[in-house]
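Two complexes, one shared chain (subunit A), two partners (subunit B, subunit C).
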Partner chain A sequence: MGRQFLPALFIISPPLLPHSPSEPPLEPPNFPGDVVAHHPLFNPLQPGYLPPISITPPSTRKRKAAEAAITDDQPLPESATKAAHTGNATLVGRSRKPKPASTGPATTCPQSTESASSASSTCQKKRELATPATTEASMDSDDDFMSDVSSQDDFLDMQGSDDESLGEDFGDLDTGFSDDKDLLKQKRKPYEVEFKVLNPPEIEREQLVQINEVSAILGLPPESAAILMRFGRWKQEKLIEGYMEHPEETLEEAGLGTNFEGTAKTEVVPGFSCEICCEEGDDLESYAMRCGHRFCVDCYRHYLGQKIKEEGEAARIQCPGNKCHRIVDSRSLDLLVTDELKDRYRTLLTRTYVDDKDNLRWCPAPNCEYAVDCAVKTRDLRRIVPTVRCICKHEFCFGCSVADHQPTPCTLVKMWLQKCEDDSETANWISANTKECPRCVSTIEKNGGCNHMTCRKCKHEFCWMCMGLWSEHGTSWYNCNRFEEKSGHDARSAQAKSRASLERYLHYYNRYANHEQSAKLDKDLYLKTEKKMTSLQSQSGLSWIEVQFLDTASQALQQCRQTLKWTYAFAFYLARNNIATIFEDNQADLEMAVEGLSEMFEKPVSELAELKVDILDKTAYCNKRRVILLSDTAENLKNGEWSFNVEW
Partner chain B sequence: MAAPSGQTTQRLLRELKDYTKSPNESLLHLGPVDEENLLRWEAVLKGVNGSPYEGGLWHLRIAIPPNYPLAPPTIHFTTRISHPNISFTTGEICLTLLTTEHWSPVYTLSSTLTAIQQLLTDPQPDSPLNVDVAALLRDGDIAAWESVVRYWTDEERWNGAGNLGR
Partner chain C sequence: MGSQKRIAKELAELVESPPAGITVNLADEANLYEWKVLMDGPEGSPYHKGKFQIKLVLPTEYPFKPPTVSFATKIYHPNVTNDDKGSMCLGMLRPDEWKPSSKIGAVLEFARQLLSEPMPDDAIEGRIAEQYKNDRKHFDEVARDWTRKHAS
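Take a look at the complex of A and B:
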């Protein structure tokens, strides 16, 4: 009887939930071309209005791309400039504090550097938006769209006037344009970083160059300079400085010693007895480094083999002698071991080199032997998410090696993954079946019996129904009519709060996990794509090149889902404010588009040919929305505009 | 276990011969458990005079890897001992020179056991395996630490049980 009250007692107060779990499903839009205009999000009167970028027909895009190319060299006539800018300026307005639409045209706007840069980044976006379209254009017949060109231009103009009315954010576009020259040089999107992929020979060459440099400066043999560099973790200047000040100490610490006399060679020393194998004999060949610890060549070889092969050591193999810290140099090694071991040794050295250098990181993909060179420092990771792409096509974060996690910063990714590991499996069950002790917050499962609970841990006695103190219940406990009592109320609200935070987490987690799952499913689909493409070719008489759109669509799906997945982790840590709302709108829009594309993609092969234009359009739209979402997030991150609900 | 290489066998025989010729002061016994397997040795360690371990005798089990002396032997106390760096239950020893990184092929079994005896008089309570005695030492309660050590040294003293290799 009492149990009937249970649901009512644990209603989570709506304000605590950022999204109710029963959000309306995202409906795929009807006409890819018209999506933007029809969606309520895109009411041009709203401050967050986004211009319908992707709807431009291919031929027009081509032309705009050409225009964009022209701007590379020479200034555009003013009208064209305006169109190019204002077409996208709203984006920036959206990403910043939205201004009320009634602000009016701002002709005398202060020319702040911030707005200048935002306007110029807009310009950059424009160019990006224009370029991918050219590839599509080549697939379509230009003639079909020729008639549309003029109306498109009208459309752009119309947007321009809209933007004018949007206010001061865009009043200083002309100043923004003067910065364009700088911008054209760096064509990167705000969320991209500069990097270079290196193959093992290149890495080795890089090491060699530095070693030779130091060797020349300090007058040390190259193999010794190499040891010194590895000791100093390749920080050349610091090392040379340290060496100049305290040459002997530095050499000693690096495991080198000060004696550089003599050449490395094996010798037969009369009366020698090897301390390792206890072998002696006047014809026993032996070797000693400059420290003078002499062992027979056989033992030395075994020792090095053990270190290199079994222990994976290379940079810091010490002399086998008791408490001797001399490092075995590459010249000694070359003298003693087989070619196979030498190769392994060099591989290991390269590995340590990459590990030691802050600007290098191995591609984490299995069997990939490339390393990525990127200048992003650990301290930059609060402001940037450095996603890099290896030659093997694996995309990963340079900061933490986790697979591409745009737009979420590394620290949050780590926190999120940790949280998922801790919470997800059991959270559902706990949420459904347990409550917490009002005093010690231990999680308690009621496994039968009456409502008089005694916490096993803290011995607190309370009522399972109302969570109030049992002592206050007196004899009327059975009906649990003490709802208004303060102790019970406090306990319940505390409980509701903790449940609400769990609910909140689950909201984001479920969406995160869903995209991960869907990406996998889409990937399975991708594997079938090729088959699909083949059958499409035979069924509808399309050529190979004409069915490539499926491949493109599939890749876009993967990439967008990866991004969407992480937007949920990001949103989980985001404090609620205006830019968070804008972020969520952008997220919702991308999600909707992705789901729409995903749905089209699953259609039977016979329908795919008809859907081609739709799919193409949707793919382009998804990609663009992704770029917008990421650019916006990255810019805000760089400028420290986000506020989070956690310290990191 | 893989058979020892010729090099390893030779080295072990040499160590055995050296030990018989000039026994180690800190040991009562050192040698292979049986003649069948040269890779399993045992030893009886003596407590250092003037330390709380004085008068103690402990039996140790030594497992030698087939690539000895390139890799270190694994040594366990089989007699229980109360020491911050030795596990009371498993007899595991926490000593850097017994780790692969710090082992030098120049060390012998005999010199390694000497190092273990030194560990008895020079405990490192900051990286303990036996937290209880380590805590006593770290808190500076020397009297309590000594009495605990004495008690166990006496209580668990190896009494000649087992069949030491001839």
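Take a look at the complex of A and C:
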């Protein structure tokens, strides 16, 4: 049964998936305004055109589901097609999730994103009709898969169950589905998160898709929908809800009017005088948006140019009219400004888009123009460290943009960096390690020897222990008894305490800084590696492929050092308990492995060829130790097992 | 170029039919970009009977950039800096709120309105604003005193 049913669905789905290879690549980034003419999603004459009918607002979707429930006894093919249609529309909206899994039974479920309880039972009923062989349990997991990823936890859990259930589901359908299955079988490690890197055209396309969707749902022109979306910070559901309830107020607030008639064009109006430059003339070209505030084209251009270029404003440029809050739409803008400004305008819009979206973040690497899409929310950051890797190879934390700081959670990273930066630590060190000359108040560090101090500066002689005059010590030259007094005792214990906490900090800091330093040296090493590889080729007759192990080793070294570095910051805040001990063991294992590899790596080129197997082994071992450490830490973090000695 | 025509027009309008209590002149006949404005303290305010000289400077990018307004006459007011600059803080003069079609006349009227009704919540001088809100009697006294001393 299932075998017959599924291929039919496959035929429907691929052309509707935005990223499917069968579709011609979308046009290069264009602002919605000038896309109207030729964008496949806009133009009904283009083959890729998607009729707006199939895109339904969530409320309608629910209603459709209810309707489907009533007409449940309809002939199956028709209702199935209808359902598939709605399901696919959902997929278009969520263009970033063209998962192979979604082409499975889930497509038959019209309310895949909204699981209204009544509707989902209908869906199940129908699926029983369609694929009686499928079990209830596996359906549930499919529903989960399609439901919106609300938090990382859900996501992680769901991934696990999904893998299993799909494996069972398709166990007998191996032929033709092996690729999909392999894709799903790739298990993520506990410390890894799912993410996607987007390039600027993709980011623009994402905006377009959402704008089109809202445009179709609300029946507004795309450029107006764009303004509305930017006003609502791309929170689509909320925006549509708000619009449905108070359409006029919403439009007014967003800087749109209710009047969408007419096309954007410049005009020559007899008897017109520009309010800005006070020029008049019967051949003066002028422009007005739908608010009717008319200015000469030169002034309009100047105004837009200044806003875009000097003020870096794009999403909220208002009409130049006094007290008019109408937002300048993209069609007006396209009509008036130069191409260079249009580019800048689009860049600015994309920038605000990524800034507005919680699931997007720019890659912080210099000159990198990619953004990362990840579902981890701010509130999840206590329980997960979402490290992502950009196409430019930069690894950073999606939560705070700091370079990869596994396994330490963002908040602790911030505290640690603050602490390291803070001058108070220097002061702490000084207070614990130095004293001041009782006479000239110079700071003195005792560098060994007896207690008889002579200040270099003022030649004052005093006792390091009691700070009293040396001459008063009489014959007990090397033994200061005067410290038995209570005040002396207090002073000593205060100093001891301060010193202990400082030493603890320094212990962790030194190791942290050491790995940081080594990581920097690794970069040099990486450059040297290439030279090494070349000379290794000529010296030992190895091929280029055969010397790749050095490159792999070098990369492993860097990654492991990065991890090790942050384990020390993590350990600094860790309260002592059993799992902390396990953590330290893991840390020690990784450190030993890394230092071993590092040592091999620095051997002269002539010995490297012989060490190849050892280096390969050690590299693999390092990577393995790192995975073990990070997995263990991530699991415990996720389950809230760690206890820390600070509030965070 | 464009801006000169606009400025000349606005100036002519303001000279011809000045808003109540406001007299407009150029500081220097050859320079359109610096205006000397005389403002009468509005009736019912502690500034009444005072004559305040205001310097209005137009940027070369006017009207795409907002003018700046400062009090040449010392004044005790929450929205005017209590220093030798006498800068005035007006919402509509902020670069992101300014519109090229806003008029100087409106700016001046707004400034005069501010003399009648200070806006302590948008104050530059926090201490004066505090006094204005909590100890109106003393505020009025000092403001009247300053008006007598500096603005008559």
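Here are some notes:
Operating definition for what follows: the second predicted complex is superposed on the first by the 388 of 648 C-alpha atoms of A that agree within 3 Å, B and C clash if a C-alpha of one lies under 4 Å from a C-alpha of the other, contacts with A are read in each partner's own complex, and residues count from 1 in each chain.
We take it that a residue touches a chain if its C-beta (ideal position, glycine included) is under 8 Å from a C-beta of that chain, and two chains touch if they have at least 3 such contacts.
The model shown is predicted, which means the values in this text are computed figures rather than measured ones.
For the composite obtained by superposing both complexes on subunit A, the positions of subunit B and subunit C are in clash.
Using the contact criterion defined above for the overlaid structures, shared-chain residue A:Glu516 touches neither subunit B nor subunit C, since it reaches no partner. Contacts of A:Glu279 after superposition on the shared chain: both subunit B and subunit C are touched. When the shared chain is aligned, no partner comes close enough to touch A:Glu461: not subunit B, not subunit C. Contacts of A:Glu202 after superposition: neither subunit B nor subunit C is touched.
Within subunit A, the residues touched by subunit B in the first complex and by subunit C in the second are 275-279, 298-299, 302-303, 306, 311, 320-324.
The residues of subunit C lying in touch with subunit A in their complex are 2-3, 5-6, 9, 61, 63-65, 95-96, 99-103, 106. On subunit A, the positions that touch subunit B within their shared complex are 275-279, 298-299, 302-303, 306, 310-311, 320-324. Here subunit B touches subunit A in the complex through residues 7, 10-11, 14, 67, 69-71, 100-101, 104-107, going by the rule given at the top. Those residues of subunit A that touch subunit C in the shared complex are 275-279, 293, 295, 298-299, 302-303, 306, 311, 313, 318-324.
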